[in-house]
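Lettered A, B, C, D, E and F in written order, each chain numbered from 1.
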Amino acid sequence: MIEVRSISTASIPSSLGRHFNMSLKPETRDKLKKVSTATLATALYKRGFRTQVIQDVRPLSPLAESMVGEAFTLRYMPAREDLNRLEVFRERGHPQREAIEECPPGAVMVMDSRKDARAASAGGILVTRLMKRGVAGVVTDGGFRDSAEIASLGFPAFHSRPSAPTNLTLHQAIEANVPIGCGDAPVFPGDVLVGDADGVVVLPAHLADELAEEATEMTAYEDFVIERVRNGEKTLGLYPPTDERNLELFAAWRKEHGR
Amino acid sequence: MIEVRSISTASIPSSLGRHFNMSLKPETRDKLKKVSTATLATALYKRGFRTQVIQDVRPLSPLAESMVGEAFTLRYMPAREDLNRLEVFRERGHPQREAIEECPPGAVMVMDSRKDARAASAGGILVTRLMKRGVAGVVTDGGFRDSAEIASLGFPAFHSRPSAPTNLTLHQAIEANVPIGCGDAPVFPGDVLVGDADGVVVLPAHLADELAEEATEMTAYEDFVIERVRNGEKTLGLYPPTDERNLELFAAWRKEHGR
Amino acid sequence: MIEVRSISTASIPSSLGRHFNMSLKPETRDKLKKVSTATLATALYKRGFRTQVIQDVRPLSPLAESMVGEAFTLRYMPAREDLNRLEVFRERGHPQREAIEECPPGAVMVMDSRKDARAASAGGILVTRLMKRGVAGVVTDGGFRDSAEIASLGFPAFHSRPSAPTNLTLHQAIEANVPIGCGDAPVFPGDVLVGDADGVVVLPAHLADELAEEATEMTAYEDFVIERVRNGEKTLGLYPPTDERNLELFAAWRKEHGR
Amino acid sequence: MIEVRSISTASIPSSLGRHFNMSLKPETRDKLKKVSTATLATALYKRGFRTQVIQDVRPLSPLAESMVGEAFTLRYMPAREDLNRLEVFRERGHPQREAIEECPPGAVMVMDSRKDARAASAGGILVTRLMKRGVAGVVTDGGFRDSAEIASLGFPAFHSRPSAPTNLTLHQAIEANVPIGCGDAPVFPGDVLVGDADGVVVLPAHLADELAEEATEMTAYEDFVIERVRNGEKTLGLYPPTDERNLELFAAWRKEHGR
Amino acid sequence: MIEVRSISTASIPSSLGRHFNMSLKPETRDKLKKVSTATLATALYKRGFRTQVIQDVRPLSPLAESMVGEAFTLRYMPAREDLNRLEVFRERGHPQREAIEECPPGAVMVMDSRKDARAASAGGILVTRLMKRGVAGVVTDGGFRDSAEIASLGFPAFHSRPSAPTNLTLHQAIEANVPIGCGDAPVFPGDVLVGDADGVVVLPAHLADELAEEATEMTAYEDFVIERVRNGEKTLGLYPPTDERNLELFAAWRKEHGR
Amino acid sequence: MIEVRSISTASIPSSLGRHFNMSLKPETRDKLKKVSTATLATALYKRGFRTQVIQDVRPLSPLAESMVGEAFTLRYMPAREDLNRLEVFRERGHPQREAIEECPPGAVMVMDSRKDARAASAGGILVTRLMKRGVAGVVTDGGFRDSAEIASLGFPAFHSRPSAPTNLTLHQAIEANVPIGCGDAPVFPGDVLVGDADGVVVLPAHLADELAEEATEMTAYEDFVIERVRNGEKTLGLYPPTDERNLELFAAWRKEHGR
């Protein structure tokens, strides 16, 4: 008999190894709560990252501040009928149910549903449980069921559209805490997810601090710009600041606003 | 009494024949108004039904209770230009206009628009007429025009997205009260449609009573579960109730809540 | 004579009624075999018809001449699991099997598979049976299984792509000889279908004669044009013939070639 | 070296030439603010126009009245990496930034984003600038970033969905004030755009006056119809008014309501 | 620091465990080479499997007999720019390159490319290497580059369409020999893949023997049927054999043909 | 009246200006005819270009060598009915017809059909004319009509799929020789297009020489590799050549083969 070695993520370049911890600094988390996914996407773009936005997801309810947390992943594969009878949920080791209980507080649970919202990725009970456990949010590139109930929780939950069918119909949870794709974006466990009304952006773990810092600076300038544009200023020379005078005015504005 | 003409399907297996009546029991209707499409989809799944959810439709306005009614169908086919001049609506026998006046009170009008929302399936005037006639709701796998007006009616109307063009542009109403597809789900006249924020589920007519009963029971347990999860309980052992103690607690909860 | 039962459509405008006969004139059929779908599509366009081409279908094997025949339709709807067990084919009245035996010789069987090729519309045995019965061709906007076998028949069969699963997986045959959509085109029973390497065009029954005549004339001019273009002539003034001289040359060419 | 003459819009039929001015009459603008895109789409349909609706766009916030303005176009093409570094915005002549400052007050800026919402067409700062400059609205068949901020402006902005990435990721602004496609609709500079909850319709410039007039008349009749339907009237004979009595009642209603 | 346990496929139901071996019996392999994917899909359907066909893949060149082999899987995720520079292929442990050398002879390499053919899953050199190593075939739900070269090998290779860009553009190989999705079908390592002109079907490992046996029987009957249909027999009563006489004729036919 | 300045491609960065000439060196053209689109796509990827492949197009007939030529562009926009009556072709200045006669010999005509193959981009007569004029090939991201006739020409023509309807149905030719998108790739006039069985790649004009040189070198190594792989060599260490010995063997191979 041929022995086939299981080639796992252990063999991917060691540079990936360090992305698996969940050690987002509190100050970085705080900064990220106050910046937008749009600003972060631009900061990523400057560094050559063009595919770090989870495409076509939106929050089920408005958010007071940006969702922030390390990615705890769950991978779904297409469901095979004999392995997805309703009784499978009676098994304690079912990967979906287990993942719900193991996702660390402060993390964001992110599900690879292969962009297929024809069946739910999860529903109201599991999302409520995540919220109660202190998880920072939940993201799927498929859909949630019980969407009205989830929307009423005020908990950051992002999906593509509501979907009533149980996940067993199409989605078999197969493993947690492995690199996945979500909405065409690569997500490694420990990457930092930030979400707002525009969707969700994935920050490579090793860049979270510098991106948070840069986005905070960019946000200050954007706030200054929007204030001036509201006052009738034109954007040429101001955004970006090719007119030197605007940099001086910005310096004064920062001092005035303590930013 | 409204006479609903049964068109065709004479040649499909006689086992289908009995689905064509419109005789949903009042107590079944009442039960269904209080359960969710997600719960019903799971009950259907248990019986081997995986395609009874009308995909990718949503209500134009929030609903106070689930929409419930027997399916009264309208089939659209692609419009041929010479048969769809604006004057066709002047013909009294136009199938769309006739269907609007013939859909029985309490029924749900459901339109096979071939998942094509590039032209409207209907607009504000016809939907208002359905509402005034006591129809329980309206569903299309295409789109409605006058969507803001329809949303303001508080009438259960489900579609894929708003769409301004007249239906003549793409949709020729061809027959009513025949089996159709809607959002990839099979819909036979007389099937029972239930709709909420997650979309619309199609209950085969002969299963409506037992599905309503089972979903009512499931909903009681889910309400118990969500209450406990909100109180910090974990889901393993509780959902599903593999831990016997939870069944005892549930029995007590039912007594207490009279359910 | 084969009796084709007209199912339904009693309620569509009487102006439609006359499209249901299967009386394509032999000389029209002969003309249509020698013209292309592209030329016919242009002749239809001149009359205001923009949606008479069945989109995204192609022949499984090259054709010696254009496929021509009156449309005999079969409508599929989404399959419901309890109505589509493998045993249903044992019922003699199954609409798909019945339609295969009833489609008139000389007609083209055309299937509304809702542009869904995830399961087959039919396979090698049924297509072979159609061929043996003298049917002129078969078209689906889904896919055929046994595609290599069908390709080897040299019989005009058009689909979107090969697909192995049995039709029961997704397609329930529900009625024959009714107006349908196929590849976004409207098809009424008795319409005349013409197919070649570019796909299939649907001629409204009452226009078949004049379209055949006009397309024959257009083809003569196009053949003249292509001959001249191959000889180095430029297209401006020639195609269309805004330069009078080209009409004179064409008159001479016709005489010379007996067309 | 071969000299290639640039064939521009100058060579398209002269009948197009006159669409490029921005001279919508104030009274036409006022009328259009009070009619719906659905009504206008029907009036266009009567004249043989079937593709004048920008497909699949919606307003970011509810509108008090319909958005109206002449089209000022911006064409995006796919972005090439070396031409879309973040620094390009420092060039004053960048077509996107220049277009934002040149779009005339009262016009609607409309962007051809090739129906690709994977990157933003614009964001909060530029849309705010358009609003401050007196522009009537902004439309893209892609998506906007900073969507919550834009929604809070109360400014007519239509898109397909929110999208965080900077436009440089996928969209290179290449020229303004040229004919474009937007959501599968043709848009010529100077065409009149009207938008409401159902989306956006494109009125050919030379037809704006007569369409505004006709839609105003149609709206009066529709308002009369909806009032009567709300009072329990059936639609047959009323909509359209094949029953003569309804025309008389309408005449009375107009007098009474001063319309 | 929070320790997150990696939940792997080890924790999925033990019933899955036994699918991971590569022990297809030679006689089963031989039978499967002589049956079609269509026949196997029907046999699977009888057992309640509706999603075991890899959707929308086709062979790059015609096959003399059906491709057969155990699935050796490779999972791609979306590529992140910093991890997919061209130099990564210089690392010996790169999962794609390692998988090419480890896929067992007789197995079929199957790649989860998330149905994304915008970049290649592999090219001519790697596919040639697989062929030389005695691998039975290769399948991706994306596309291959060097498609003309691969087609000339006469080696079973299935994809969706040709695609020139290097896989690094969009696909990061992340792990081999794990359960994956391919063309919406679930594929577990050790499942048996069978491919022909209609595409590829996935046989659950524990059912391979009985499916091979049943499909062989079905194929005998289908060959009998097609012979009779070619001789002018009608399908009713013959396919399926509801007319007893046909079973007798079939018995005789088998004896005559030694099947 | 407000004067709106037409912002044209004249205002895009001057670095673009020099791409508009048609001055591909004969030796570069010769080199490019002998390399594949896959190899060129990798060379582009090395330089940071990820979107230079025209997605989802294929040649209508096999090519003896790669198609090579400078891009001469034609931009289509959605057709408006009143501007696209059949008579428009009678106008000599029609942009499509004019472009056919002006596309320089040696260039490749490339059409932006907005990835919409529901109507043809061109047909047999115009493609034959291009061939006779010495044009190097023709590409559309839509479809051609008369596809069998075009396939028989042996002329490099690339499209997405055959399509019978006249271009007037959906496509209005609006301008030539401007930057366009084609199959999601940016194409500037003068860029160098190379096409083979895998599709078409777009080389930025200023990089054509160095890409041709580099791809020629890469092709030599790939030919060496494929020869060795055919002889049973494994790919690790060989492709890429991390094993030094392979570079030595390659040096010897080059000498032997004169490459």
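Here is the rule we use: contacts are C-beta pairs under 8 Å (C-beta built on N, C-alpha and C of every residue); 3 or more make two chains touch, one makes a residue touch a chain.
Only a predicted model underlies this, so the values are computations on that prediction, with no experimental measurement involved.
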{"item": "Touching both chain B and chain D (chains)", "value": "A"}
{"item": "Each chain counted as touching chain A and chain C at once", "value": "B, E"}
{"item": "Required steps from chain A to chain F (each step between touching chains, minimum)", "value": "2"}
{"item": "Selected pair, greater C-beta contact count between A-D and A-E", "value": "A-E"}
{"item": "Repeated interface matching B-D, over half of the contact pairs identical, chosen among A-E, B-C or E-F", "value": "E-F"}
{"item": "Copies chain F and chain E - interface residue numbers shared by over half, same or different", "value": "different"}
{"item": "From chain E, the most remote chain by mean C-alpha position", "value": "D"}
{"item": "Centre-to-centre distance between chain E and chain C (centres being mean Cα positions), rounded to whole Å", "value": "34"}
{"item": "CA centroid of chain B to CA centroid of chain F, Å", "value": "49"}
{"item": "Centroid spacing, where centroids are CA-atom means, of chain D and chain F in whole angstrom", "value": "34"}
{"item": "Junction residues of chain A - those touching two or more other chains", "value": "48, 50, 98"}
{"item": "Chain contact topology (line, ring, star, complete or other)", "value": "other"}
{"item": "Pairwise chain contacts under the document criterion", "value": "A-B, A-D, A-E, B-C, B-D, C-E, C-F, D-F, E-F"}
{"item": "Chain F - residues contacting chain C, complex", "value": "86, 89-90, 92, 97-98, 100-101, 117-118, 120, 123-126, 128-129, 132, 145-149, 151, 161-166, 168-169"}
{"item": "Contacting residues of chain E [partner chain A, same complex]", "value": "1-2, 4-9, 11-13, 15-16, 20-23, 48-52, 72, 77-83, 88, 91, 93, 95, 98-99, 102, 104-105, 114, 116, 172, 174-181, 184-186, 189, 204"}
{"item": "Residue numbers on chain A that touch chain D, as the complex places them", "value": "36-38, 40-42, 45-46, 50, 53, 55-56, 58, 62, 196-199, 201, 222, 225-226, 229-230, 232, 234-237, 239-240, 242"}
